[in-house]
């Protein structure tokens, strides 16, 4: 299945892009997806402790299973205003 | 000496005017002036406990001596805004 | 630090813009308007009386307090008097400050002080009567 | 209850006017602007990134909270993104409420929530560098 991954602010700068598609086989949780993302962009992992994750535009707590077409966003600490 | 007396809001309605000149002989304190005002407009006295007095545009505490040409304003509880 | 008592309609935009400043990150604008329902009664219109010279002095004094206490960058305080129709603007207090917290504290304090030391009086006029409103803590709290 | 993320200049007047209501006696408008000095450094300009769809959802959610918690009559929340020059408007939060107290509480709460749950990010650009700003409690407190 395909997961649509979004990166913002500092994470977008590190990856050089704000959007990518990650193809996964069988079941995949958010943690599995993050591992794949960190393999592609190792420097993103260093932000791991401060980054919040949203699945389909809602913050998630802990780990959840993903399904085909989900939009998973990696959000650094916000600083609007 | 002449004291310029100003009345506002409900007090102005009672007196039918917002401004009057009170002529006094010799020394005169705010309390003396108030007595003269209450003689002219007895209903104004009923507001006495809630009214604050300003002399030359500054609130006063307690009683003070007046001088010729002073502006004494009788101010009901304010309700701006 | 503009202060004004006026019988003309007041424009919050002009007042608010006047306090903008490149060193201020926050502008807070309080606008008081004439609302239809007051303490359960339908208001027809409002009438404001003031002691204009003293009121402007006190309004300037309050802006001075905001500078002192809350470090505002700039402030403006305009109050309309005379007859005010429903929905019309009554008072505008605009402050700018480096950060939002100071702007909120300052503006709120100014509203409180307005209700306490500025010689302005409101009369509510209903279809069947009218009344000068005395200070009541809950009106703006 | 208007909510918007936009790359265009924002006009506080329009946003503020949109929440006026004959049942509201108070309109409070918070305007955040790009200030020249930030944490001791001279800023050249700001750049905002956002997750626009989620940001608008969260902004609408916050207005819902204001209605629930503070009984606001109406609210509007607009944030600009992209490049913002010094002195330009960044964000406007306008609320109307029957009384001033509720308007102050609501508007202040909305600013706090903006800094906590709305996916928008600020980059400060100086003459000799740039940095994405993470959440820091003191920025707006």
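Letters A, B, C and D mark the chains in the order given here, with residues in each chain numbered from 1 onward.
In the analysis below, contacts are C-beta pairs under 8 Å (C-beta built on N, C-alpha and C of every residue); 3 or more make two chains touch, one makes a residue touch a chain.
Since the model is a prediction, treat every value here as computed from it, not as a measurement.
Visitor: What's the overlap between the neighbours of chain A and those of chain D?
Guide: Of all the chains present, none is in contact with both chain A and chain D.
Visitor: How many angstrom between the C-alpha centroids of chain D and chain B?
Guide: Chain centres of chain B and chain D, defined by C-alpha means, are spaced 48 Å apart.
Visitor: Quick check: how many Å separate the C-alpha centres of chain A and chain B?
Guide: So the centre of chain A lies 73 Å away from the centre of chain B.
Visitor: How far is the middle of chain B from the middle of chain C, if each middle is the mean of its Cα atoms, in Å?
Guide: From the centre of chain B to the centre of chain C is 26 Å.
Visitor: Where does chain B touch two or more other chains at once, residue-wise?
Guide: In chain B, the residues touching two or more other chains are 81.
Visitor: Going through chain C residue by residue, note those that touch at least 2 other chains and give them in order.
Guide: Touching at least two other chains: 32, 100, 111, 139-140.
Visitor: Tell me, which pairs of chains are in touch?
Guide: Every pair of chains meeting the touch criterion: A-D, B-C, C-D.
Visitor: Which residues of chain A touch chain D once you look at their complex with the stated criterion?
Guide: By the definition above, chain A touches chain D via 6, 8-10, 12-13, 50, 54, 57-59, 73, 75-81.
Visitor: In the complex of these two chains, what residues of chain D are touching chain C?
Guide: Interface residues on the chain D side: 12-13, 16, 20, 22-37, 86-87, 98-101, 103-104, 107-108, 111, 139-141.
Visitor: Write out the stretch or stretches of chain D touching chain A in their complex.
Guide: It comes out as residues 32, 48-51, 53-55, 57, 79, 90-91, 111, 114-123, 132-136, 139-140.
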